[in-house]
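Chain IDs A, B, C and D follow the sequence of writing; residue 1 opens each chain.
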Amino acid sequence: MKIAVLTSGGDSPAMNAAIRAITRVGINRHCEVFGVYGGFQGILNEQIHELNSRSVSRILHRGGTILTTGRSEEFKTQAGLKKATKILSDRGFDALIAIGGDGTMHGLDELGKYWNGRLIGLPGTIDNDLSGTDYTIGFDTAVNNALEALDKIRDTAEAFSRIFLVEVMGRHAGFIAFHVGVATGASAILMPETTTTIEELAQKVTAAKARAKTSVLVVVAEGDELGNAHVIEKALSEKIGEGCRVSVLGYIQRGGNPTHFDRILATRLGAYAIECLLGGMHGGMVGEVDGNLIMTPFEDTWTIKKPLDQWMLGLLDELSS
Amino acid sequence: MKIAVLTSGGDSPAMNAAIRAITRVGINRHCEVFGVYGGFQGILNEQIHELNSRSVSRILHRGGTILTTGRSEEFKTQAGLKKATKILSDRGFDALIAIGGDGTMHGLDELGKYWNGRLIGLPGTIDNDLSGTDYTIGFDTAVNNALEALDKIRDTAEAFSRIFLVEVMGRHAGFIAFHVGVATGASAILMPETTTTIEELAQKVTAAKARAKTSVLVVVAEGDELGNAHVIEKALSEKIGEGCRVSVLGYIQRGGNPTHFDRILATRLGAYAIECLLGGMHGGMVGEVDGNLIMTPFEDTWTIKKPLDQWMLGLLDELSS
Amino acid sequence: MKIAVLTSGGDSPAMNAAIRAITRVGINRHCEVFGVYGGFQGILNEQIHELNSRSVSRILHRGGTILTTGRSEEFKTQAGLKKATKILSDRGFDALIAIGGDGTMHGLDELGKYWNGRLIGLPGTIDNDLSGTDYTIGFDTAVNNALEALDKIRDTAEAFSRIFLVEVMGRHAGFIAFHVGVATGASAILMPETTTTIEELAQKVTAAKARAKTSVLVVVAEGDELGNAHVIEKALSEKIGEGCRVSVLGYIQRGGNPTHFDRILATRLGAYAIECLLGGMHGGMVGEVDGNLIMTPFEDTWTIKKPLDQWMLGLLDELSS
Amino acid sequence: MKIAVLTSGGDSPAMNAAIRAITRVGINRHCEVFGVYGGFQGILNEQIHELNSRSVSRILHRGGTILTTGRSEEFKTQAGLKKATKILSDRGFDALIAIGGDGTMHGLDELGKYWNGRLIGLPGTIDNDLSGTDYTIGFDTAVNNALEALDKIRDTAEAFSRIFLVEVMGRHAGFIAFHVGVATGASAILMPETTTTIEELAQKVTAAKARAKTSVLVVVAEGDELGNAHVIEKALSEKIGEGCRVSVLGYIQRGGNPTHFDRILATRLGAYAIECLLGGMHGGMVGEVDGNLIMTPFEDTWTIKKPLDQWMLGLLDELSS
């Protein structure tokens, strides 16, 4: 079987581990494995090169993606999809594996309407906002990266008595904010999934300060309905009559060596993708749910909303009291 | 309800997060929470002090345990267990929560034969060798600590062409070795659960060196049947006629700030322990299996053997090829 | 001799190491050492408590400052200075050691006009913008913190082909930006000490991108004459017709465990301050220049401008080519 | 000018930064720069390839050495030196720059007796045991690596009340042990430069334990006259009647991303080496002393003993009291 693999959208830690597993397990099972460089656009540009076992040496512990990534407007058009189909067919590919987020799953779904090759998606995004898997590849590392930054901010915060608003990634989902918030004992966590008014926030922050007589930490998902951390700071400081400090963690969340959790998840899903292809199962995203490897139709991955843990949500006020 | 909490055996990262959750959720649910200092021996020494919400401030991100820990020979005797029973009863305790490994669960089980208070265990050990929970508190951090050390060793390893034997913790279980080995792409992983002869090891290592023309990494669990890393090095170097480098990671695996995974697992299990006590469920260890919080009878936690992932085990040779 | 010690202004890593050395060496030399909490304001509030050898246990490796810090408007007034003088005299203090940046040295200088006790300053600021010492306490840690964040950003940057503007601390001095820029191979470094126009920056960035065909990194000191990173991004993206990514590192630069360099520098300067006091030398800031411990009059520390290394500045274009 | 560059002996962090600076500054000054792979043996094997500006991209932040390293018995013989001389001359080299420790300086010194090309050494060893430079390339990173490991051990140590012996690198010099010991507040530091008997050590450890009622840390240089950490543990535990825990940090000290200090030192020395060559200065090791770049005759680098800081040595007992 001749398989193409690509990474698309924003990169996420341990994408390389997935590429390595796909390549090595693929080759051991007598497939030919080709890397597409630069995401879906790389198909259109025919930046496609064969991978061997050595190509994926020494990448298991590196962040980023050796295949590079990118976003492609052309691929979203009918003409682009037809061109990709022709290229994949002309070059004799039997299957395409793409690693990325919801945009990537969407791209695979669209391509499936034109190309009759086998398609499989791997959930590679730090946001953890795909259904069909408990965790996406890169999420664990991103949360630990954010945590490490926050532990450092805490060190300095304890020397003062201040309110810190820390913005983490998550445009449509609060998973990073939620995990970071719980793991750092934040006084409040602002996420797209929950609604918090400035009044409620002011009350929480004021109570926390009165109680602890020390610094107060608020974690903000970038996609919160109140706005980004700078916008919220303005509203909050007006309400409580005291300036707050803002820190936007940004790109450091994506980088760094992946954790064992992400390396192993990526390795498992990569190996499983090959097993699926060879076993005739395709047309969806592979994922791990409750310890089981499963496949979910592409569309379900972005249409079904993955919920936050309601029990933990209910405990937040008790934990930060 | 009047609750005592202690940490016992070797410390593990995020024990503090569990203590914090037990204390804060307990107090919010109108319990009195007391900390026992120095493990089970702390009961016998009556080193028992009330905890309030402030007692557990600023500990969520710290390794170790604020309650300190220890091993107690006295507690293992009938006299010791009776004395502990008397002290807990005299001081009016309704429940005891102990965080630790298999020795701790054993201790709770024994105490339950004398004391009629409510007993709950939390799995706190880096070894992950307890049934009744997918992961123990501290395991995720320990593996990432080991991984970070190994990534550093890899940096220097690539400058030479050498064989490295790295010993990680795990006297009776290979979970740390297995996760570290998969996550670093080790050429071989030696664990108590599997049997590898020196001949097989020599063959793997020689093949890996021939293939990669660079350094070769072998991960060894301290409890492997072949012996510790120094013993194995001696046998291996004789067999292949080339000295190997040995690194014993040791205590650094226990330390460092806990990961979000461990902080959240510990927080969940701590909160759940309180909910169990108040709901009348006790007499076992709380754990998380496939995303569900459950309780397992103490004895099952150490008598039922938790297996390694057989599917991943089967993939090891393909992945490191 | 009865000595008071305080930390003032922004905190910086390894202030605790200085407090520890002052306390322990002081006590061993038969001084009484008192900690003032909350900076100069702590004198006015009489938040002054005796320190013993145990008070400074387990703080050597912690960021922040156990004495906490703060800024005081009252202390800047004549009334405040007189009040502080009275309090220090009434309580029988012979000397005051203050650890901080230029504002702290200024405060000591002013206090010296009223109080006839012995005054010594220690350079504690991440900005490294004080003359009289090659490095200030905390600078080395801050640069390594920024570097670690940048190494992470690089990981993700290499997956794309983008221009990154990363803003580091340094309102009046470019030392952090300079060291970070050299150590990460930045294509351009924008600092208060040098003048770079948007045209020059656009040219450098465009050339770097053409040459490297990969991501381009620009390090910006927050006090650069062109503005902060967001302002510069706007101007630059208009000029080159391509959006750039901005990351403001912020508070993470202050936190984390101090490096050995800062811990040792702080320890040396703290011990030296005690030796100076006992030897009758005071009225200035202690520092280390070319390996020698020296004392510099307070005023010189902020009026004499410490230069960047001109030879290295001249090499920048060659190094990033 | 045609220049060869190699790395020899054990690798040390930021060797890559030196290679990068030599290559880029060399090329900008119209030299041809060639990398020799595998140390001095690489000359004999003629593993010599031209480097360009791109060859040294993306290596500034990586540990290890892209030129790899090795030890060569052949090069130590007269025949080997003559062969190297012939190869360097035949291929038209004008100069050779070698980065390494005392063995490397020795090798250059020997080669200088045969080859009339220009020779320059760069101090690249984590041990800091070369005269002619305040710090060697890699020392700062190694100490911080050891420190990070020790901070982790401290986390767990505080949960118990134990004596820890931690062995760090340093066969002939105690610089790493000294810096690590001061920076972690060790109760005792055992180094080749100082003499401590088991009786003195037992006394210090016992006093520290009585005083602190917590864990006690002893840092041991691998080359201490009492033996390695395991040997010392045996003697000490017999003397005090209590087992101690031993941790040998080993190879993790060499790895990890280099610190800014090492990257900048390596960059400065690499650029300076080129300037020296072009200016006609050679026949020695470049180094930095009191902020000045200097050159020292090869022989002086290993015959003159670099002393530990006597003043700090004298303060140790006061600091850990």
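Observations, loosely collected:
Throughout what follows, a residue touches a chain if its C-beta (ideal position, glycine included) is under 8 Å from a C-beta of that chain, and two chains touch if they have at least 3 such contacts.
Because the structure is a prediction, the values reported are computed rather than measured.
Put simply, the chain farthest from chain B by mean CA position is C.
In the contact between chain A and chain C, the residue numbers used by both copies make up over half of all numbers at that interface. Centroids of chain B and chain C (each the mean of its C-alpha atoms) stand 40 Å apart.
Annotation: 36 Å between the Cα-based centres of chain B and chain D.
Computed from the mean C-alpha positions, the centre of chain A lies at a distance of 28 Å from the centre of chain B.
Those residues of chain B in touch with two or more other chains are numbered 151, 154, 158. In this structure, the chains touch in the following pairs: A-B, A-C, B-D, C-D.
Considering their complex, residues 20-21, 24-25, 27-28, 53-54, 57-58, 60-61, 134, 140, 143-144, 147-148, 151, 154, 158, 179-180, 182-185, 211-212, 214, 257, 259-261, 263-264, 267-268, 271, 290-291, 312, 315, 318-319, 321 of chain C touch chain D. Against chain A, in their complex, chain C makes its touches with residues 7, 11, 13, 62-65, 68-70, 145, 149, 151-161, 164, 245-248, 250-252, 254-256.
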